[in-house]
Amino acid sequence: MTDLSAIVSEIAAEMAAAPDRGTPASYIPPLASVDPARFGIAVIEADGTAHVAGDGDMPFSIQSISKVFSLTLALGAVGDQLWTRVGREPSGSAFNSIVQLETEHGIPRNPFINAGAIVTSDILLGRNAPREAIGEMLRFVRALAGDEAIFIDETVARAEQDTGYRNMALANYMRAFGNLHHPAEHVLGVYFHHCALAMSCRQLALAGRYLMAGGINPETGRSIVSAQRARRINALMLTCGHYDGSGEFAFRVGLPGKSGVGGGILAVAPGIASIAVWSPGLNERGNSQLGTLALERLVARTGWSIFEPRG
Amino acid sequence: MTDLSAIVSEIAAEMAAAPDRGTPASYIPPLASVDPARFGIAVIEADGTAHVAGDGDMPFSIQSISKVFSLTLALGAVGDQLWTRVGREPSGSAFNSIVQLETEHGIPRNPFINAGAIVTSDILLGRNAPREAIGEMLRFVRALAGDEAIFIDETVARAEQDTGYRNMALANYMRAFGNLHHPAEHVLGVYFHHCALAMSCRQLALAGRYLMAGGINPETGRSIVSAQRARRINALMLTCGHYDGSGEFAFRVGLPGKSGVGGGILAVAPGIASIAVWSPGLNERGNSQLGTLALERLVARTGWSIFEPRG
Amino acid sequence: MTDLSAIVSEIAAEMAAAPDRGTPASYIPPLASVDPARFGIAVIEADGTAHVAGDGDMPFSIQSISKVFSLTLALGAVGDQLWTRVGREPSGSAFNSIVQLETEHGIPRNPFINAGAIVTSDILLGRNAPREAIGEMLRFVRALAGDEAIFIDETVARAEQDTGYRNMALANYMRAFGNLHHPAEHVLGVYFHHCALAMSCRQLALAGRYLMAGGINPETGRSIVSAQRARRINALMLTCGHYDGSGEFAFRVGLPGKSGVGGGILAVAPGIASIAVWSPGLNERGNSQLGTLALERLVARTGWSIFEPRG
Amino acid sequence: MTDLSAIVSEIAAEMAAAPDRGTPASYIPPLASVDPARFGIAVIEADGTAHVAGDGDMPFSIQSISKVFSLTLALGAVGDQLWTRVGREPSGSAFNSIVQLETEHGIPRNPFINAGAIVTSDILLGRNAPREAIGEMLRFVRALAGDEAIFIDETVARAEQDTGYRNMALANYMRAFGNLHHPAEHVLGVYFHHCALAMSCRQLALAGRYLMAGGINPETGRSIVSAQRARRINALMLTCGHYDGSGEFAFRVGLPGKSGVGGGILAVAPGIASIAVWSPGLNERGNSQLGTLALERLVARTGWSIFEPRG
């Protein structure tokens, strides 16, 4: 057993015993009913070695983590002209705030707040029907992870659609500014299905390898995005990946990362490892309480922070 | 001549010839009168090798770059309890916005917007007179750079004080919330003198070495801050160092950096180099137009981005 | 010919010749295509005497003026508990702003901004189908005016529905806060049909008589609302009836009034007259340019301002 | 004893017994220490008849009510060009909010929020020393009331100055936009002394007679302002006189009125009466709880609402 393997197991054990676990999202029943005692972690090294502990093989709802994959696909579809419709700055406000859209004329601050990811979903729709756009996304994520078992949880997608009034407001609001080209219902159909992807930590860390490896899927050697684009997605994850807690995450953890309201976080140590953690309880900023703590400890024990001097 | 030396000279030559140079700050005469044709660069490698080109030895007003040094000093004085008075999140608004202070009860979003640096100046005042707090800061920066020639430009300091109504508003506003302990005039005296530090790119890059080197001044071997604190300051520079253009800087350059309205930028490639660039013309976000471009090219040609896979 | 009749004719003549007429609303074709040369005025005195001049018998789209009538109906349906869902304060922002809804948790500031009128439409839906709620409103306005010729312009209603993304956003946003009880599509169906009421100045001034007459329709003697409620609706018109130009209207004109983006204004001189003016060109606040000017002159020449000493 | 006299006495008795009295302002000791059991009322009829009850002859700190008098003086000094520096719209936010100033470039929304009254104080300074501007204001109010006993409470003025950081912020902020021509300290010296005027309900109602009487002091027959200006000041009081509770006051009371944080309200029934009430406890909007209730009952029993049909 390598040192890293020991560190990962250690952290899983510590998290299993942690008393203060945050509060799971409660806005839809399928998220509210997840057992808060769960904790999973998976670390995939650059050479492919996998370290998985706790509930690291149990699927959970990746929610906003999907925004990394939909952004990657949308950039592939329309290239940098995407940035005429979405900004690249931290928002300074809650993930679902509509205020910024009013003052900035329907252009979301970045692709990782809800409004921004709704625009990327609009781009993914392109000339396709919603069903096809959803299918493309599922195939993309399965290919990234090399795992055909990944699925979309229809119960989650339906629950989102039944209660997603705020997202419906965001979508219509952007349409009023001409920054949504398809009917809000179609766009949100795509959006909610992306967010309803169910993946385990292992699958998620596998899917994130291209961001660790300069845009290449290290298993297949295929280029997913250019090295420059991989760096830029990492930069966006660092500055915007944790909503209005992004500064805090950079400060404590020091890795590009993207969190989801299901309690998962995907983090990347460029050149070293792709990492996924999961624990359903959230902190007051809406990011996984134990997931963040686990990453903070992992980085402290490995020296993987991108702000650390390289050797 | 090493490759790096060639790259630095090349970039200096390209920037000297660049047609679109932005617009120098005009709010005080000493800044407005600086020649927009200037461009300087200095790169100090981990082993101490220095590469300086263009106007890299000409002093300029470092302005907000001083906030990195005053934060370092203030953390030394009061430790992490500083974070009860200043946040760690990107602001999502202009460097001198007062709106955020109203909604967040007088707590500035981070130490690099004006309001945040006014609070760190208040901390530096401690039980000292303004004159002593200013002297301490000057000694600190001289020691970091190993250069006693560094000085405070009194003309700049006075001009700031004569026109600094907005900063006076920010200071009084925070005092109304109890987040300023000394009279606004005293605190701003300290603040404006910090910002009026005149340094060359070479001096600035030398002063920034501790952030490249895990908190150690590599010349003297003395610890300036702990390795953890150095990482955290780097993280703050990345997420908040360029006001409401921080996301863009991370996206394009990919290094922790802090800009000043005088046209300077201090950037850090952890373990590799401390870098300073200077060109007075600013872009629409208030950051040096050519300074940013120069750093973008330096990183593209060296692979120093912190979002790049490590080898 | 009485003096008043002369004044009304005079004003109509002045307005017909006015060079600076503002700009008609352009967001839907049926409004954009109205002839900006139009001007109409109707003054109905307490004793029933009518003074109509210019295009005072030509129907136009009353748009937001309908919010006075829908508020009256909704108060009749649920009484003062309406005020738990809608505020009574001027908004300090544009008629279709969504910002205020975020900071005030889905409660619109007053019933005359779009969000507020969407809530009153939701109340009018009650247990009815949209078609019935629309029919009830049409019957109510016809009865107030004593004119069965008043109709809803389906072309306008459809155009609104085709482009009403911002209102769709407002409706969904309030539904996210639980302040909309019916599906947004149904509520907006009602809302857009109210706004699409086509009325002439004469019909509008007739319909507004109950607000001049302490809640009584002076023609029939029937009580429409209590005297207290009539006063209160007048007060709301004065403080909130012209969006973010309400203060200006009170300052210049000094009568309770409600404007619509079709260029109409209904104004009330309590105990004296019910007044309607119409000219399609709007000022920068979205209120009829000549309509406001005409009312200013009418009040100056009659002494009808409510801020004038009573004799 | 007339009916009105009976009504006034009745209301004073009811208010003396009212259980829910609100909470006095606590930000400075001289206001915090006022006895919350106090209630005073004075009604001056157009013919000069005075009805005074309760503590109607006890002086209290008029605070923001002074903004009516300073506006009147400033309009006398510079005329309508005042409106290039101050708006005429309700603010939709708290009396001391700074947010609006940022989005509207240093132009306060109206002369009755703090920022607006600071600008009118700047105008009153003109070419005078602060002491002279304060003296002019005191003479003006004494002349209006016909009572040389009116004084400025220096204890209150000093307490304001010692804690007025937020007003200092507002003043400096406007100076940054060029909308303050004198040093903030001087302007606030004038402002705080105006607010520190101590007057009884009787004195206040006497001082307000010109607003009831078309701009004329009915006692002396001298014109204070033109009839048009008197109407316009009344309109501003109605739309903006109770901060972010102005709509509510118009809704419940229906008279132009201006409140102060000392618990006083000056209200005007044009042509009928000038009214002052005082009770130190404030409601959640910062307006006198019992003062508002007393005026609501007075208007209900007299029919003086300006929204009532004239007959």
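As written, the chains take the letters A, B, C and D, and residue 1 is the first residue of each chain.
Criterion: a contact is a pair of C-beta atoms (placed from the backbone, for glycine too) under 8 Å apart; a residue touches a chain by one contact, two chains touch by 3 or more.
Here the structure is a predicted model, which is why all the values come from computation and not from measurement.
The distance from the centre of chain A to the centre of chain B, each centre being the mean of the chain's C-alpha atoms, comes to 32 Å.
The geometric centre of chain A is 48 Å away from that of chain C, both derived from CA atoms. Chain B and chain C have Cα centroids lying 55 Å from one another. The set of chain A residues touching two or more other chains is empty. In terms of inter-chain touching, the protein chains here make up one closed cycle, each touching precisely two others. All chain pairs that count as touching, in label order, are A-B, A-C, B-D, C-D. Against chain D, in their complex, chain C makes its touches with residues 46, 87-93, 100, 109-110, 212-214, 227, 230-232, 234-236, 238-240, 244-248, 250-251, 254, 256, 270-272, 305-311.
Chain B meets chain D in the complex at residues 97-99, 101-103, 165-166, 168-173, 175-176, 184.
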